[in-house]
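Dropping the structure in here first, questions after.
Order of writing sets the chain letters: A, B and C. Residues in each chain are counted from 1.
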Amino acid sequence: MQWLQILVLGLLLGGIYAMMASGLTLLFGVMRVVNLAHAAFILVASYITYALFESLALDPMISLVITMPLMFSLGVVLYLLLFPRLEDSPRYVEMTVLLTFGLALIVEGMLTFTFTGIFRSVRPDYASSAVRIGEIFMPTSQLYAASISFALLIGLGLVLRFTKTGTAIRATMQNRSAAQIVGVNVRRVSALAFGIGMALAGAAGSLLSFMFPFFPARHWQWIALLLALIVLGGMGSIKGAVIGALLLAVASSFVSNTFGPTWSPITFYLTLFLILLIRPQGLFGAKVRL
Amino acid sequence: MPLLEIEDVVAGYSTGPDILTGVTLSIEEGTSYCIVGPNGAGKSTLLRTIAGFLTPRSGEVRLNGATVNSSRPDQMLAAGVCFVPQDASLFPTMTVKENLVMGGYLLNDRSLLRQKLDMVYATFPALAERKAQNAGTLSGGEQQMVTLGRALMVEPKVVMIDEPSLGLAPMIADQIFEKIRGFRELGITVVLVEQNAVKGLNAVEWGFVLDLGSLEFEGPADGILGDPRIRELYLGKQLTQREG
Amino acid sequence: MAVVEQREGTVEEVPGRKPGTRSRRVALIIFLALIFLFPLIAYPIFDSYAYVMQIGMLMLMWISMSSSWNIIGGFAGYISLGHGVFYAIGGYSAGLALAHWGISPFLFLPLAGLAAMFVGFLAGLITLRTRGPAFIVATIAMLFLFLLWFDNWEFIGGSSGLDLPFLQFPVQFLKVPFYYAMALSAIGAVYLSYRVAHSKFGLGLRAISQDETKAEVAGINTRWYKVWAFALSAYFIGTAGAVYGYSLTHLRPLTFFAIAVAARMVLMAIIGGRGTVAGPVLGAILIVGVNELSVRQFGQTELNIVITGLILVAALLFFPLGIVGSLRKAGRLPAFLDWD
């Protein structure tokens, strides 16, 4: 395969990772929460998409319309139920990590209980075809998923830049207490950010459902990857998450091509460790301690 | 009726000890105040409690007669109580203009926002010059001006400023106090917390002396400066701390 | 710590000793005796002797692991979710020593611990360049990196694993040597935890967990303190892994690297009381007990993970200090649990 082909495949995958990672880094930026359950919720959306496909033959891309609002509401409710309690805690960061860890376990258990550990996937017609542009082949499923991901990312960017809520979110990400001082209701913003992050997870779940087979314990591999991505890009930086995702996906695409597919996840972790040695705050992270 | 009444307020941070041990004082509209006292007296904590960052453990904070103990900072701002904290409360990667605009976050009227922005530029010409500069790259004095300018954006009834001269060279500090005196002309009630008792009390009409979380005494600002008790409070108390 | 004189002219305790020292000594002796005599006492009492021994071994194993984890996660406040790496290193190094050189893991134990500690030291140098949430992520990345490596390493059998020779021992007492080996590991871990807690090193770690900047400013070399804490926390997890691996006689990466392992270590330390000496021990005993009961009720199902997660969430929201911590805060901590 020529390098352009590999590059394109990497970019497609990178776009999807970028969308997944941006939800995660948004959460961290606004609330200083490392959501270890993010990938577990992505899986919830995948399973919902699967159920809708199997019972109603609903195209997974259309289920986005269902999974995104559903996950958004779930996110807001979960936030309000669990997090305000911990706000005053001196050990906030650790507590929230462990909390989301517990959530991930609960979600995984419930998914296994409901759907068992069998590999599932959603197989619409386009799942097995490929699109050809010039010399480049692109699996249709990845092309669709990447396009939707990029669209969502652009949408997120627009919301953050041009809406009042988006501005409030950005302000909170930059300096939480300053945002409070100018009148931002940071609790509301946090709940919204959690909702948006979960909505993005919902979209990711629906898209992933027809790209890779999934089973409940799979989320650990995803979360490890996404976390590596956001630390690499700089925690709390959406720009960093996107660039980090694209870079790493392309890099791992090349690695996979040269050394075999088992090596591609290693690319992510090795790169992370390398970056930690040279620049612990990541590409775009703040130099200040986290 | 006083604008702000603080009645026997006890407060502290998360699970820590009481910092405020029963403070009672009142703020009248249109007057300017300075809260002084030794380190650890609870001056900043008092401002934060009024501003809504801390909820009193007991006692009451009243704004225009209404209890506001459990109000959030954004609610207090909407009610006209603006807080300018000690540490960098600017958005470092936003420009001066964007920071000021953020100050007007609660304003929903674009033309009013424009109007206020122009007013702030008129009051702080130095900021008008630097409107496109990143706030993080400004000098200490300029940053302080941005925080003051930002406070003006929402036409607050009362502005509470925590240590306006902290980290500033004496000449710059004087300029800042000049600007603060200007707030009074705009009819804004000013409450300062100042470690530098002389500079602080010279800029206001009335002084509160806080120690160990409660009010030691109060009175006209120039009177307090001459009061022998204040020397005792600062110097006397400090010596004892060193021995202990 | 001398006890302050309550009334003039009377001193309640010997100067320099904490109140309750005697009852703690007694408790310790009883506990140790119980551990050593348990296999003998249990034999005539229980029908399913092997099962009971297995539970005993597991409890001791988790005591070893959660007490060790507590050194970095509790005392220093740095949450690591990657400690499964040390578990694996212990298990595999001992297993390889057995498979290739015929050395019994029981003899190899201290070296397995050292191997884990060595890796812990090196990994600590890298991961501890970050703090807070980035550190947690770095430990997860470490876990996955090692998992991927072990899964693909032919020498150790890759993902299908490595077979170990059986221990030649009378079948009905087969679990007993493992039990005692694990007991050594557990006692070592708790003793290490105790010594760290009562040392200047431990004080430094606590300072770091409260406010790292202030600790630095106070002259503590935070980097070395953290790296050593990380390394030390690996030792008795390695030894536990060595014994456990041997008891399974078949080593597979996933056994050691499963996230559930990290989850339980963390959960036990938190439930019992993070940052205390007795906490992880209590937590380990409780969780293993609860787990066994739930397995008998519901079977080895996914309900198990749900329960683990629920307990963790509930503990964080309502009992963040854990049992020992909450009791201490309420002033009702019985002396035999107060080892700090």
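We adopt the following convention: contacts are C-beta pairs under 8 Å (C-beta built on N, C-alpha and C of every residue); 3 or more make two chains touch, one makes a residue touch a chain.
Worth saying up front: this structure is predicted, and the values here are computed from it rather than measured.
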So that we know how the chains sit together, what is the shape of their touch graph: line, ring, star, complete or other?
-> line
Among all chain pairs, the one with the most C-beta contacts | A-C
Would you mind pulling out the distance in Å between where the CA atoms of chain A average out and where those of chain C do?
-> 33
Could you give the separation in Å between the centres of chain A and chain B, each centre being the mean of its C-alpha atoms?
-> 41
Quick one: chain B and chain C, Cα centre-to-centre, how many Å?
-> 50
Residues of chain B touching at least two other chains | none
Going by the touch rule set out above, which residues of chain A reach two or more other chains?
-> 89
Note: chain C residues in touch with at least two other chains are none
In the complex, chain B residues that touch chain A | 14-15, 53, 72-75, 77-78, 82-85, 88-94, 102-103, 105-106, 150, 154
Residues of chain A touching chain C in the complex | 28, 32, 34, 82, 85-86, 89, 91, 93-95, 97-99, 101-110, 112-113, 216, 220-221, 223-224, 227-228, 230-231, 235, 262, 265-266, 268-270, 272-273, 276-277, 280-282, 289-290
Chain A to chain B touching residues, read off their complex = 88-90, 167-168, 171, 174-175, 177-187
Touching chain A in the complex: which residues of chain C?
-> 77, 79, 81, 126-127, 129-134, 136-138, 140-145, 148-149, 151-152, 212, 259, 263, 266, 270, 301-313, 316-317, 320
